[in-house]
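First chain A sits with chain B, and in the next complex the same chain sits with chain C.
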Partner chain A sequence: MSKSINYLLRRLGFYAIAAWAALTLNFFIPRMMPGDPAAIIFARFRGKLKPEAMNALRETFGLTDEPLLGQYFTYLKNLLTGDLGISIAYFPQPVTDIISTALLWTIFLAGISLIISFSIGTLLGTLAAWKRGSKLDSILPPALALFGAFPYFWLAMVALFIFGFGLGWFPLRHAYGEHVTPGLNFPFIIDAIYHAILPASTMILVSLGGWMLSMRNTMITTLGADYITFAHAKGLPSRMIMLKFAARNAILPNFTGFGMAIGFVLSGALLTEIIFSYPGQGYLLLEAVRAQDFPLMQGLFMTITLAVLGANWLVDIAILFLDPRTRR
Partner chain B sequence: MFTRNKDHDFDMSFHNGGTVRRVISSFLFIYFIIVASGCTSSHEETGPFALTISQEQVASWVRNFNPLIPSGTSRWPTGSGIYEPLFIFNSIEGKYVPWLATGYEWKDGNKVLDITIRENVLWSDGTPFSAHDVAFTFHLKKEHGGLDPRDSWGYLESVEALDDQLVRFVFSRIYVPGLDGIAGQPIIPEHIWKHVEDPVKFANPNPVGTGPFTEIVKFDHQIWELGRNPNYWQEGKPAVDRLKFPAFPTNEQATIALINGEVDWAGNFIPAIDRVFVGRDPENHHYWFPRTGGTIFFYMNTTKAPMDKIDVRKAISLAINREQIVNVAMYNYTIPAHPTALADGLSPWRSPEATEMGDWVTHDLERANSMLDSVGYPLGKDGFRRLPDGSVLSFDISIVSGWSDWIRAAQVISQNLKLVGIKTRVKTNDFGAWFSQMQKGEFDMAIAWTEKGPTPFPLYRGLMSSEYLKPVGEIAETNWHRFSLPEVDSLCTAFEQTSDDREIRNIIYRLEELFVEYAPAIPLFAEPSWGQYNTKRFTNFPNKDNPYALLSPNYPPENLLVLVNVVPK
Partner chain C sequence: MSTRLNDSILIRWLRGILTNKKALAGSFLVLSFIFIAFVGPFFTYDPNAFLDTPLSPPTFTHWFGTTGQGQDVLAQTISGARQTLLIGFCTGFFVVVIGALIGGISGYYGGRVDDVLSMVINVFLVMPGLPLMVILASWLPPGPLTLMGVLVLTGWAWNARVIRSQMMALRGRDFVSAAIVSGERNIRIIVIEIMPRMLSLLASSFIGASIYAIGAQVGLEFLGLGDVSTVTWGTNLYWASNDLALLTGSWWTFVPTGLSIAFVSFGLTMINFGIDEVTNPRLISERNWRKLLPKGKMNDGITPVVINHD
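The block that comes next holds the complex of A and B.
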């Protein structure tokens, strides 16, 4: 057991270094982009702002000419104290406020889609491998792979057009309607679920194939193993062999993939959020990059980095329990 | 999920149609419950309708009603609905409409400007509005440079309230065009803002203004509503109960809402609008795109040979087929530029002489070719012209990626120029990168805007004076093509110092002639102002037949004229 703890601590140290490297890049890369936020706001107005406005904009946003290295140390110090600064695109809101709201919606939408997609996909993969050559096995994987191969934004737009615009079954935008008040009340929760159905379905549809195929393929290899034959020979019920013997071992790669995917949930389903006007992280990130909103960009990248690393660490722990081989 | 049935049943569930049907029907059932509950809540709208507007495109709203920071950071219509300016320039009628002020007078050789303030105006909290609020607003701008995007203190020396109804502006240099910046300044209440610690970062969540709409009825990330000012100074106005702003992150989302009839007033670009928008409900869906904005230009970097030659610039202009650009890139929403580059809004300023002299904005390939021949760039065997050193005449046209109208225009120009033997490549960049190239003068050719104002002065000053001229590599706010004439500088100085109508006109005419003679940049087409409205719930929007103001909400503070005049049906 102490070996396991040792292993986890070593991993933790590794993640800490990775986090520092990511946060440093996070600071320098945006600043290498040409232009500055004031110039970008100015350019966006296509001449509707007077040229004189640019200096005022710089002053408003507190853009300084301080040397980069000095700015970098201020940035690190502020990160440690949890001060992410004030957003430029959403002036004058603190970055932490903006991210925390968007984060909830992203976790809700992308998180639930991921869990549904992972569960259904893995289950279908298990069944497909168990019943190799059945209808399920021969029709579903290619069909899902086909959906997965469509450009996602196209698929989402078609879904929005048919089910939202054409048939009017689902709302066209937003995470909840205008007549509900956000909070823990029944109409709001129902409304939020109603608004999430269409975007979540498109996300599930395109990712299902991946989970299913990877599960099916590992499962097939596992089914060829000697202990499965032995289990059959012992006369164990086939469902027990399928789930407890084969699937439990075959799920490991999928599980690692799931951990990675959890981390990436926080980067938001960029295209989904743009197409469905969903107020999450992904759209925020696009906005931040386009406006060269350094504070917001840094805040977003930091949450994503920490989420990916944190999720990986959790997967490390989970694998430790699921796979005895790693405990050595 | 895993029931303790026999394996057989478990497998069957995916082949058995009955189970599948059961699953689908239970999903449908859940769906209908949700839809039903959604429907009941969406019918709750009672009382008078809200005027739904789409002007800003954002994913979620930020509660910022600070009218002094540069627009785009605070919510529309903070500076042109909640707060009001002294005068509003009506670009359709080409004149100032007195608003919080009733008149102005130049004194002391145009060094002093006296503005008379309207009486009986109240702030929305009931406090009387006076000249002291005006003086306070300008003093605050002086103290905080970030609040002075109009650079008023670049030409002002002092601002003083002489009594409750009179403000005196003393200029540090004679600068008559400065009236424009003073006229459009949104005025804030002293009794509130004197307590604000940092007015630059002040989000002003509960604004107190003089405008027609001041009460924040509701503010949510996805939607907000702005209610009527109970103390508005214009008797019986506004007729609209409240304004509603749903958040649309993209132009497509805003367009869908507009087509669906969810939005009453918008300023969006919509491709093929007659079919897409008007066709959906010809009785109620309308648009009006008057050409009161600026002119879109084709810029050539005059520091690079051979674009430093007047004849080359004119020949390139002659090679460009503007009809084709307007048709292909602009859906015929506009018309080719006038020889003086003055759009319809400034048409009274067009000089007949300059118009006649400006013979290089037509499409004439033959003349373009012969001009280039005579300047001395012979055609090579490959159909491209050569510089004296033997290299091919080849340039990049820089455009912002995603600005599809300008990208298409650049592609047309690129094809056009090939016909006169000039090789060009359309290069797109993100707008930060593009704008930095423009400002530093590190581009060959580009499409971009020009300065706008109540007179043609800002346009020609930006194009031809040395005021904004910077060496290549340094940031120039305008005059990206790097061109100046000493005569223009002296004309600009003369213009800044006079308030005499006759003299003003003579100066503008001379500027037009110089523009036409030197072709510092090539005008392409007049920029339309986008505006759409829906008459299902509201009427009396400005249009062709009732042009009392600009329809487009995109040019504050002019939209105030529309806000107080729209009436519910």
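The block that comes next holds the complex of A and C.
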């Protein structure tokens, strides 16, 4: 028991360091750039911003006359109190307000697609490794590799073009229609799922091949283990050997890979959101880039990083249940 | 002695790849794109010129139609390949060099050095790439160098991790101990003795990193963070979406570019599958094993697995 707590705390310590590294990068990137960051911003926004917006910007970046270390501590203090500054594009809304609702949509869409694609991919990988050389094993990996070669957002464009514009089966934009009121009511939930089907399917299609291939490869290694031969010799039913002996053990490395891949898949998810005008983090990221809204961009980087770290910690907890070695 | 060994490895390796169907098909696909990228632009229209009615569908004069700015889509797709592939492969190269350096040092020295370096590697691995790239790219002046720098910074960690674990495995071998005892310098052992034995890993890392670089670069440019005045695959898609390709139904402005990206990445993936089949001892012995088995369907139970006793 104490070992599992130890393990979770150690992981938490690592994520704390990672979060601190991200915070610090976020602070130093604008300051490391050639030239004065304040001057860069002001030059870009000359005549476009009201004086009060300019002041808000100055404050957000702590671009005061304080020494660098003082600015750094002010920045950390602001972050700890949840103050990410004020957005330029949505002036005078604070960045935290803009991001919070968008974060829920991203977690909903990207989370569901990640879980579905990981589950299906792992299952397909198990079957492919079990029956190597079968049709499933020889056709599916290259086919999925072809899908995996497309940029997420491009496949999203094509899906939207065919199923949205061409056939009209799915809505073209946003996360829910105008005729429903957001909240925990049945029509809203159904509508939100209906809007999520097309973007989620494109993400699943692109990422499926990776999960399948990595599960197949670890599973093949597991199948070579002596306990599998022994299970066969004992005459256990083959479905049982496949799922409870081989797949159960092979899933662990795959799961660790799952944690590592969350950030990568999320990046693709952000671009997919843009295509579908889905009101999540990705859509905000595009807005922020278009308007050169630096506070919003940095706020997005911070929240997305924290979300990924949090998801990784959940994966660690799951591994605790899957892998007895971390508990003993 | 070591050069002769490398030669023979290299030759065996090249022969294996040349007889591997997947690697051959992949190489053909990728090389033809590289060829078109370098030769093609001499034969097409000027990709930046206003030539015809904007957004006109494919015709005999413009095989792939025209963009929202009245440019020839075919010319844009071919010219776009140049910079996209160049940046992709250069980034792939630097990613592998940095990954080999940091992962190699980390795995070779172990101990404190490894603790610190693998911490750095893991932090970079867990940080989501796209938002970080966006911040970096938005502060730097847009251009190919910015793109490459940003892609290398966010992409090196994965390779470093893979190379680190391979280095740790090789570090314990006898030939390394022999080299240490004979008084060779560490850096020489890493570069001359160990790295050549990772050739296939380095090659597949290079290919993997190039796939990553092409995809990420296109994504960044699609967001408008590249230099939107140049013609690349990413900016092609950026302009397609800016000119409302979807709303106007002009599929020809984004389909050729997207398919090109996918074909190149797919070709590179196939080369990597091939390299794996040729150099992975388990897959080699499995292939030999399969030749011994009767043709046709395997029994319904289990497909035999070859165990390597190293």
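By our rule, the second predicted complex is superposed on the first by the 249 of 328 C-alpha atoms of A that agree within 3 Å, B and C clash if a C-alpha of one lies under 4 Å from a C-alpha of the other, contacts with A are read in each partner's own complex, and residues count from 1 in each chain.
Note that contacts are C-beta pairs under 8 Å (C-beta built on N, C-alpha and C of every residue); 3 or more make two chains touch, one makes a residue touch a chain.
Because the structure is predicted, anything quoted here is derived from the model rather than measured.
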item: First (chain B), second (chain C), both or neither touched by A:W211; value: neither
item: Touching partner for A:F258 - first (chain B), second (chain C), both, neither; value: neither
item: Touched partner set for A:L136, first chain B, second chain C, both or neither; value: first
item: Contacts of A:P237 with chain B and chain C, given as first, second, both or neither; value: first
item: First, second, both or neither for A:Y194, with chain B first and chain C second; value: first
item: Partner chain(s) touched by A:Y75 [first = chain B, second = chain C, both, neither]; value: neither
item: Partner chain in contact with A:H174 - chain B first, chain C second, else both or neither; value: first
item: Touched partner set for A:F165, first chain B, second chain C, both or neither; value: both
item: First (chain B), second (chain C), both or neither touched by A:G224; value: second
item: Chain B/chain C common contact set on chain A; value: 33, 40, 131, 165, 238, 274, 290, 292
item: Residues of chain A touching chain B in the complex; value: 33-36, 39-57, 59-60, 86, 90-93, 101-102, 119, 123, 127, 131, 135-136, 165, 169, 171-180, 182, 187, 190-191, 193-194, 197, 237-239, 242-243, 273-274, 277, 279, 283-284, 287, 290, 292
item: Residue numbers on chain C that touch chain A, as the complex places them; value: 119, 122-123, 125-132, 134-136, 138-140, 211, 215-216, 218-219, 222-225, 237, 241, 245-246, 249, 251, 254-255, 258, 261-266, 269-270, 273, 282, 290, 298, 300-303, 305-307
item: Chain C contact footprint on chain A (complex, rising order); value: 14-15, 17-18, 21-22, 25-26, 29-30, 33, 37, 40, 130-134, 142, 145-146, 148-155, 157-158, 160-161, 165, 220-221, 223-224, 228, 232, 238, 241, 259-260, 263-264, 266-268, 270-271, 274-275, 285-286, 288-290, 292, 294, 297-298, 300-301, 304-305, 308-309, 312
item: Chain A-touching residues of chain B, taken from the complex the two chains share; value: 1-2, 7, 10-11, 14-15, 31, 33-35, 37-38, 41-42, 44-45, 58-60, 62, 64, 69-73, 144-151, 154, 181, 200-203, 220-223, 246-250, 253, 256-257, 260, 294, 400, 430-437, 439, 448-452, 462, 468, 477-478, 554-555
